[in-house]
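Each chain carries a letter (A, B, C and D) given by its place in the written order, and its residues are counted from 1.
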Amino acid sequence: MDPTVIAHIGIILVVFVSLLLSAAAMVWIERKVAAVIQQRFGPTRTGFAGLLQPIADVVKLFFKEELRPRAADPFLFNLAPVIAVAAAFVAFAAVPFGAETTFFGLLDRPIALGVSDMNVAVLVIFGTASLGVYGIVLAGWASNSKYSLLGALRSSAQMISYELSYGMSLASVVLLAGTLSLRGIVDAQAGTWLGFIPKWFLFLQPFGFAIYAISGIAETNRAPFDFPEAEQELVAGYHTEYSSMRFGMFFMAEYINMVTVSAVATNLFLGGWHGPFLPEWLGGGWVLAKGLFLLFTYVWIRWTLPRYRYDQLMQFGWKFLLPAATLNLLVTAAGVIYFGY
Amino acid sequence: MTPIGHYLILSAILFAIGTAGVFFRRNLITILLSIEIMLNAVNLTFVAFGRQIGAVDGQVIVFFVMTVAAAEAAVGLAIVIALFRHRESLNPEAFTSLKW
Amino acid sequence: MLFYVFGGLAIVSALGVIGQRNPIYSVLALVLMFASLAGLYVVLDAPFTAVTQIIIYAGAIMVLFLFVVMLLNNPLEGHSPYDRSHPLRRTAAGRMGGVLAVMLVAELAWGLSRMVGAGAPVAGDVAAGAVVSSVREIGVKIFTDYRFAFEATSILILVAMIGAVVLARREEATR
Amino acid sequence: MLALIPLFPFLGFLVNAAIGRRLSKTVSGGLASLVMIASFAVSAVTVWNLAALPVDHRAITETLYTWIASDPITIDVAFRVDPLSAVMILVVTGIGALIHVYSTAYMHDESDGEFARYFSYLNLFAAFMLVLVLGSNMLVMFVGWEGVGLCSYLLIGFWFRKKSASDAGKKAFIVNRVGDYAFVLGMLLLAVAYNTVDFQHLASEIAPLAPEAAFGPLSLAALLLFVGATGKSAQIPLYVWLPDAMEGPTPVSALIHAATMVTAGVYMIGRNAVLFSHAPVTMEVVAVVGAATALMAGTIGLVQNDIKRVLAYSTVSQLGYMFLAMGVGAFGAGIFHLYTHAFFKALLFLGSGAVIHALHGEQDIRHMGGLRKDLPVTYWTFLIGAIAIAGVPGLAGFFSKDEILFETFWTGHTALWVIGALTSLLTATYMFRLVFLTFHGERRAAAAAPGHDHGADGHAHDAGAGHAHLHDAPPAMALVLVALAVGSVVAGYIGVPHAIGGRNALGAWLAPSFTVSAPAKAGALGAEERMAVEGHAIGAEAGAAEGGEGHGEAAGKTGTELTLMGVSSAIALIGIGLAFFFFVSTPSAADGVARSFPGLHRLLLNKYYVDEAYDAVLVQPIRVISQEGLWKGFDVKVIDGAVDGTGAMVSGWAWILRRTQTGSVRTYAGSLLLGVVLVLGYYLWR
């Protein structure tokens, strides 16, 4: 069998597993960071520093009873979490996390580190992110409960609203790189200015990055934009009625989305696997480091900022973020034309 | 590789399904959906032909169709909502009176 | 091969759209159909169009439909006071429409049968394929040859936006 | 550049019409005057450039765009300035600017809105008048022609709340329609005949032809155009609107109904000099009509009591002079008189305006008198104007009028000359009757001042009191009066005839305009033909210019001219003397004459019953026909019947078609789809 194919399959497996693990890891990170911020210890019992806590959670979730309201629509009720997780996984499929490599000559021709290398990766991520909405909306509608429905409507409205500025910020980077392929974008950031400033688009697109970060948080329904599950108002929003592993899937989807957003941010703005010190083949390390930092920021923000009010959220999204993104895009375009990137 | 004819037949079938939907369904929303089906059937032919003659124009047209479809959906749904407020129904037969 | 998979899927899901009694399911079936069409576009070497199809249709338009369906909680046609029959029950108009639709298919098939080069494989020469898949090419086209249409659609969108807002606004005066 | 000239006033019109009522009087009036001054400056520069050109090529044409492009006729929107139109634009913009300034003071009693409306009309008028003057072909000219007609209508009826005013406006408009209709016919005739309406092309087309001995197509075209001119320039038979036009504000009467618009007809004939000089028959008609009008109006003017009406009739009669000049081929003289007349007639009107202003709307000279002490400026300027128009040697009127009379005589129209001379006698008489009755003698206070609708109600109370102190013209008005007075004195000196050692500069300057101008000249045009074309308009100058045979003619002319000058100056003085005798020394004599010829007096007082005649012959029949026949008969029965029938038919069909409108979306879609299937089927079938 062609070693390339094997390598591809290997990569896919690795990505799949590591995504699952990352979700688990994120649970732990979240709780720990939260604890630190709130001057607690967080999980300590299970394993060293509670490292096994996620495993325990998963086990617990598995053994919980599957509850489904009688009035719920069974098919959609089961379908919704699947869609959510699937969308999350598919989105990551388009994310590259390393330069082309032959694995030290194991392969006759280099392959791209990444599940798939498509020339419209950015759009694919964008599209799948928008597909993620269905999971939430259907969940909310199917479980036939006012809390869920409200949460679902809120979240979908929110995601649609912020998708626009999200896309705009993506577009501005695409303009700079002149390609829709994430790999191309990353390679466009290779090298340094003046020998020490890395050529990250972060420096060319500070506003773009800010907009991307904000709308990314909103896309993943994280605090301070976590309206779908606004405990105080909506019990738990769209997954109020969910229990056991279905709930777990939503949970997982959320964290995987976070990972995806961070990875994409890494590729778009932080130069992906380009970085000093590490050899090319270890570029993945850089992706990991940058991604982890971004994830940490996620958690950090969640436990630092209070939740918006819903109307404030919409106001902000439509009346500030979107115009800002548009302006940023225009300026970028003008710059691209002027400097002829 | 698939003959162009197959694509055309497929899109014809889809279009017919959409048409039938418009006629059979008695729910404004579903009728709108059927219209979307028709639009997409047409899009398919555009892309297919464009691919065959090796020009992007087909896809360009598709984008315009999508835009129009978006506009149509927005307005159509708005109308549906307005109608639903007047009569608690979505059945087109409920709105046959030409003015009220 | 892929063509038949996606094509079949498209037809089945399209039938699902008009066969479902519950609008939510219709919407989902339609989403599925869009997805399969997107697949076909990929087969046709138009990935950009495919992704756009997903983003615009599945991501935006269909969500809008979902919204409305959820908003007006009148899912089952059977529950409307006007008829309690199955959605595919034949009304006079329905029957006429069905007949016409069939005739339409027949005519199209007939026309295709007489079309020269209907049997020609859809794949143009490779160079053309390369051109077709290029996003840049599409952008250039849109902003040069089709700029008028582009501007026109932008106006259209604006109008539609305003119209939608005006139409859907619940006027306080009357209630 | 040329386009700027009419453009400036038009901009003024736009501004005043759009936001005028929000502007203060100072701003809107100032703006209006400013644009006129600007356009005067432009005109001056243009004329300067024009004068720099060699005599044969004195024409600046500026084509804006092609208006009508069709085979075989092509009409451009083009402006052309040549010596003739140069004089005209100077007159229009110059006098126009002065009158604008004057108006700012005169109309000051109006409310802001009315004020702005007035100035917007005035500017619009100026713009159209300039289009008329500058138009290089008949169609453009006609645009201006109609435009000034409109503005004149608007301005006559400016105080439209007063019925007489609005009626007068309508009258002017309708009477002008008659003339304009003829004008259009003439224009079309020429267009059909020569496939062009451009003046120069027409000239070059016509010039080679021999003048028509009998009444031919050229004569017909010329005659039609002349009828148009009679409408615009108030000649028999269409003069009746002008006296009524005095209902308008006095500055308007000065600008439109004395200085500029009414002279459009004269100008038009001068424009088509070549055409007219090829239609001797029409020329005779023009001359006779002109002379008749001059005499008739003069006689009427003799007995009128409304200060402005007297001036109106004198205008008519002066216009008659101009047409007389045109008719005898003395185009230069006609234009010369037009130009001088613009000065002193405007001056006279403005002076009367000052009087009316001072008397808060009093217009009847029988209620005036003795104003000399109260209104010194007005008096002196008015007097100058009167002397000028009377034709006393040394002032503007003298030269021009004298030249006309001389040309009339010289070209052998002795009868017409007699009439002209008689008219000039009348002119002197009635003008000084006006002066004496208004300014001399004792103040004959009016019972009440009919000045309310002139917005002067505030002062109405002291209008009656004879010995109340009257305010002389305010600065703006006084300034203008003086300026015009100066003009009336000196204006004539650019046209001093050779007989008294002058060098008829104006005639020489104008000469090229009445021939085929150099650019369009066919070249085959011989000297004697050109003489025929130019008529004797430029007298000895032209002769000299032409060389050889001119000299003898010039020698012969001088003697005659000198004698005639003596005669006419004598006439002027006699006329003044008569006026003095009748209205100052022995006023009773006037009434005595009136009583001894009661019939004649009544005839004149009632203006020969022309209005009544028109009313009986035209207005009443038309009214009857339209009321009984067209309205009650045709309109009610046929038209309404047709309309109702249509309605019934539509509703009938609708009753049938309504069946198809089920309102069910599905049915509509079904029919649509059916259509698709059928069409597609059809195309597949064949």
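Some observations on this one:
The rule is short, and it goes like this: contacts are C-beta pairs under 8 Å (C-beta built on N, C-alpha and C of every residue); 3 or more make two chains touch, one makes a residue touch a chain.
None of these values were measured; they are calculated from a predicted model.
Taking the definition of touch as given, a chain qualifies here only if it contacts chain A and chain C alike; none does.
Two chain pairs, B-D and B-C, are compared here, and B-C has more C-beta pairs in contact (counted per touch definition above). Centre to centre, using the average C-alpha position, chain B and chain D are separated by 70 Å.
Note: centroid distance chain A to chain B, computed from Cα atoms, is 33 Å.
In this assembly, the C-alpha centroid of chain A lies 85 Å from the C-alpha centroid of chain D.
Centroids of chain B and chain C (each the mean of its C-alpha atoms) stand 5 Å apart.
Across the assembly, chain A contributes no residue that touches 2 or more other chains.
The residues of chain C that reach two or more other chains are 48, 52, 60, 91, 93-94, 96-97, 100-101, 104, 108, listed in rising order.
Chain contacts: chain D has residues 664, 666, 669-670, 673 touching two or more partner chains. Of all possible chain pairs, those that touch are A-C, B-C, B-D, C-D.
Looking at the complex, you find that chain B touches chain D at residues 19, 22-23, 31, 92-93, 95-98. Across the complex, chain C meets chain D through its residues 91, 93-94, 96-97, 100-101, 103-104, 107-108, 110-111, 114. Interface residues of chain B, counted against chain C in their complex, comprise 1-10, 12-27, 29-30, 32-34, 36-37, 40, 43-44, 47-48, 50-57, 59-60, 62-64, 66-75, 77-82, 84-85, 88-91, 93-94. Chain contact summary for the complex, chain D toward chain B: residues 661-666, 669-670, 673. Every residue of chain A that touches chain C in the complex is listed here, in rising order: 73, 76, 118-120, 123-124, 126-128, 130-131, 133-134, 137-138, 141, 149, 152-153, 156-157, 160, 163, 180.
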